[in-house]
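Structures are listed in the sections that come next.
What follows is chain A paired twice: with chain B in the first complex and chain C in the second.
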Partner chain A sequence: MSKRAAAVLWGIAGVIAALAIWEIYKALGPDEGVVIGDVTVLPRTTDIAMPHTWDVLARLFEPVTRAAGADVLWWAVLQAAAFSLGIAALGWLIGVTFGLGIALLMQRWITAESAILPWVVLSQTVPLIAIAPLVRRWGSEITIGSFQWENWMSVAVIASYLAFFPVAVSALRGLKSPPSADTDLFRAYSASWWTTLRKLRLPSSVPYLIPALRLAAANAVVGTVVAEVSIGLGGGIGRMIIEFAATASGDPAKTYAPILGAVLIGLVSAGLVALIGVGLRRYTRGGAPA
Partner chain B sequence: MTAKPVAVTVTNVDKIFRSRKGAEVHALSDVSLEVAAGEFISLIGPSGCGKSTLMRLVADLDGITSGEITVFGKTPEKARKDQDYGIAFQQAGLLPWRSVRANIELPLEIHGWEPRDRKERSDELLELIGLADFADHKPDQLSGGMKQRVAIARSLAERPRLLLMDEPFGALDEITREHMQNELVALCQETGAAVIFVTHSIPEAVFLSDRVVVMSPRPGRITEVIDLDFSSRDEELREDAAFYEGVTAVRNALHGGETAGARGVENR
Partner chain C sequence: MVQMARRGRRVMAGAALAVAGTLTLAACSGDTEASEPEGTSSDAPAAEELTPVSVQLQWLTQAQFACYYSALDQGYYEEAGLDVTILPGAVDIVPIDVLTSGGADFAISWVPKVLGAVEQGAAVTNVAQIFERSGTLQVAFADSGITSAADFAGKSIGSWGYGNEWELIAGMQANGVTLDDLAGGSTVQQAFDMNAFIAGDIDAAQAMTYNEYAQVLETINPETGELYTEDDLVVIDWNDEGSAMLQDAIWADADRLASEPAYEEATTAFIKGTIEGCVFAKDDPQAAADIVTAAGSTLGTSHQLWMANEVNKLIFPSTSGVGHINEDQWDATVSMSLETVNPEGATIITTEPPETAYTNDYVDAALEELEAEGVDVFGADYAPIEVTLNEGGE
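Let's turn to the complex of A and B:
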């Protein structure tokens, strides 16, 4: 059996194991959960707290609400997921561009590094919940001609805010990774900064960039979902999670549908980034750096 | 025009490195040297004698503190910008994502050669170093000696009249090393380039050089220059009495009278 097939089988086995643990605990655990003192350390096992996995699955094929003409649930989730994925992708793109940009700036001018890097690190300590309303407010001030700032743009900006960080840090490390013998060689060739960047520094930074792009994608997805909630943008997975949670007591299985949607976004975005990695494979010869 | 054209002149050069904390290292002190066109010069000495520094100054990879260096009558900076020299380091320094051919063509590409001319030149060079069958291989598929040959081909790509080599065979095993030395002798006879060759190895310096420049550390300076005049440089020379005399002369110069000195020099 090939390594690849084995990896796929192990992946499926992992999912089945997770489902099995869920069902086994639900069957064997006490209704009120495992409580030590006053603290519940394991959740309740009632159908409201932990619906059967097959109920969650079956619910996907029922309409969203009892209202006439309602979409079937999986379709509604898929649309919301596509909406969120689109925003996350835009946020990722902005974040990666911005992250690469400031990494280049920091590589080019050592002063820029000491001036910018602390702010880059500091930026990630500000909670997302705090900046979301700010971005929305500033955005609403922007009206250029017929262009109007919309809420989904704010969400994309917030997603990019989370996405740029790993790219900036890793790209800087990658751009600085060529050994001095290589940079000496380019100096001996009187190569310009731009040529050295194109032919040496950028290719050398690819092994550092691939994991950073993956991390940025995960961050962009989380950022999108959370920002949708805090900005109150409808149509995406974030709002759907909140809306469906409100009906949890009456329709517990429905709550899990948008969570599956979020998982789907994560998988798709990870897959897309993996494709980028395949495209850049020739620059990652000799394995990834530590 | 003098009768014997000069490739490199080094006149009363001092080089002082200052660390960020202000500590000074006197790497070179009052060094003077002249390298004729087509001449093979080895710089030899224990670690810290400034032999690599001297080569880097000629290459304009570092700046001099005082004194003067000319390369073909120009400043080192001008010579670097005019691509008057080729350079090779101890580590082959091939770019792992480029094929052997693309690595050899790197300087040509940077200096805007046409693809057709590049291909033609790299074909010649691949033939010269005997790696024509490996043109499309990636560096990680080559042995250490093959990589170093590619690096040397790359340094020859633009037919420089001056080659600067910083221990290019330092990382190779003895057998590969002798083989590479033979090849280098042949290459130099073919191209007629002057060479400044930094090495730790006495036999290597003696085998390759017209003159061996012996240096000593703290501060780095030239203590002796030994002329070697062999009629031919081939495998037989390695067993020749004249070769051993040269080795002895260089060794004595390195030890500089004291028997315990010259640590860090390999006697191989």
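Let's turn to the complex of A and C:
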């Protein structure tokens, strides 16, 4: 218990240290930033470039705009964060399912591995900004009965596109991780592929899978925010970042609010994945970390 | 998900999934809320009789598009028989691509940007030139020594690129300054904010009268402790320099105009409603700004009003009626597009655009109907209002 309390204290200390470094650099650093040659290696310390941490905090409790009925900023950010997190979660789910499916396919048939793996790797070299408008355009042509493809679905698809990669690669490694002594034993008992998978391969893939799920969560969040910006989905953190950029010099504290929202999404999604890790702890005991 | 052998593990995994699922549901319900404001007005009496059309904007919801949002809010589109959906733009959305791929019925875009696409084979037609004047400025600080484009040599000159740079380059070319003459050998890529300009990294920054110019005026000048004033700045206006090109225009699908009479009708109706929206915004910029804010823009209230007012100035007074494409302006834009050389050494277009690139048929029909209804489509006595900008545009 005291160990846990210490961990919480250290966590808080870390946040305070980060804020302190910000303020100390702002107070002591040169206005023009630290420049070596023509390259600025540390940012400017003006109020526009680095608003005071307490100004950023105070801004959260003011309304978004002076328009009648405007929400308080923190509430607007929270809503946007929940919206983006929801899409990221869906993207993560699709990505993980797809990634696992591909990994199973590649484990089952060696031909599939040689055929698919290069494409899996290649897929991640295509820049997001090239795919995003395409996904939106293809999606907008999908209408099945009363089902109409919505923009947020495109964003979820793009998020899943980033999320599936670590899962596919790590799951494949995990599925192939049992030593041949183990697989030979299963073969000796003439266990089916399915039984071997269920009793041997899946459990031994867990230690590889957990970090991959975490990576997938981070990718899904980044993918969601970037895709929102890219294809213009309203309501989330990505769009808010672009909208608030207009006040970057006039109201610099405001532009940090959606960034805090993005941090929040990251923390929550990391927490959720950690929960899954707790559920699967039995399989990680003594297992090799990936 | 992975099928786990032990029941206890299954429960835990199930719980985690349930959380994720709930969030997914939240995403679905959140979206309907988010897409509500820009969509259909709820109390449309005879929605079945209205023709559904969509228009793709070139940027986020803001008072730059006050004409369209006002027309939607005030029911002008409905009166014209249309159920209009306004699609806000985004960073990677090219309105003309959306139009040609059938994702929207109309698109709003700048003329020089589209001329390039037309030469590449995009079958689109400019059916109404909503902005008669250019809103693009190059802004410098008064103490920078820059007073015209001729002074750009050796300075760092900002631009957003992606087709926003043509007036700047044309203006420089007219003053005998080439891109090589600039500090760094080309324009400097500018972000969506004016921080680089205020910090001095950019000597002369690109700015729209209705947006970025105001952003500077909403910022505290550290030397005075007050907001920057117009006296602190030098403004190079491409309208005065003679390198202004045509900006926000309504583009329609040229193939559909040639083959679908219903689309032709909808085009006239859409232009008519839009012009009425512009007239509304001219007469009551505050109401127009509020409409845009209510449609989902998070710009500050004084910034929004400033934008509505500045956009009015680009439209009114109108020489030949709002939306009518003046041949001399079109020709000037085309000839500059043929002659202006971008950083890659290319011109926007290499040959004259086809006849279908613009037509006044629909806008003139719309103007005629409006004038018959007694709408003042010229705004000859238009006078802008005075807008006081507050810090951060609030």
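Keep this in mind: the second predicted complex is superposed on the first by the 280 of 290 C-alpha atoms of A that agree within 3 Å, B and C clash if a C-alpha of one lies under 4 Å from a C-alpha of the other, contacts with A are read in each partner's own complex, and residues count from 1 in each chain.
Here is the rule we go by: a residue touches a chain if its C-beta (ideal position, glycine included) is under 8 Å from a C-beta of that chain, and two chains touch if they have at least 3 such contacts.
Remember, predicted model here, so these are calculated numbers, not experimental data.
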item: Chain C versus chain B on the shared chain A, clash or fit after superposition; value: fit
item: Contacts of A:L122 with chain B and chain C, given as first, second, both or neither; value: neither
item: Partner chain in contact with A:T195 - chain B first, chain C second, else both or neither; value: first
item: Touched partner set for A:W152, first chain B, second chain C, both or neither; value: second
item: Touching partner for A:G232 - first (chain B), second (chain C), both, neither; value: second
item: A:P203 touches, of chain B and chain C: first, second, both or neither?; value: both
item: Chain B versus chain C as contact partner of A:M240, first or second or both or neither; value: second
item: Touched partner set for A:L185, first chain B, second chain C, both or neither; value: first
item: Chain A residues touched by each partner, larger count belonging to chain B or chain C; value: C
item: Which superposed partner A:R282 touches (first chain B, second chain C, both, neither); value: both
item: Included angle at chain A between vectors to chain C and chain B, based on C-alpha centres and rounded to the nearest 10 degrees; value: 150
item: First, second, both or neither for A:A248, with chain B first and chain C second; value: second
item: Chain C versus chain B - closest C-alpha approach in the superposed model, Å; value: 10
item: Contact residues common to both interfaces of chain A (with chain B and with chain C); value: 199, 203, 282-283
item: Complex interface listing, chain B residues touching chain A; value: 56, 59-61, 80-81, 83, 85, 87, 89-91, 93, 95-97, 106-107, 109-111, 138, 140
item: Footprint of chain C on chain A - complex, ascending; value: 44, 46-49, 64-67, 76, 79, 82-83, 85-87, 89-90, 92-93, 96-97, 100, 129, 132-133, 136-137, 140-141, 150-152, 156, 198-199, 202-203, 209, 229-235, 239-240, 242-251, 254-255, 272, 275-276, 278-280, 282-283
item: Chain A-facing residues of chain C, complex; value: 1-6, 9, 12-13, 15-17, 19-21, 23-28, 30-31, 33-35, 38, 60-61, 88-94, 97-98, 101-103, 191-195, 198-199, 211, 215-216, 218-220, 222, 290, 293, 296-303, 391-394
item: Chain A residues within the chain B interface of the complex; value: 179, 181-182, 184-191, 195, 199-200, 203, 282-283, 285-286
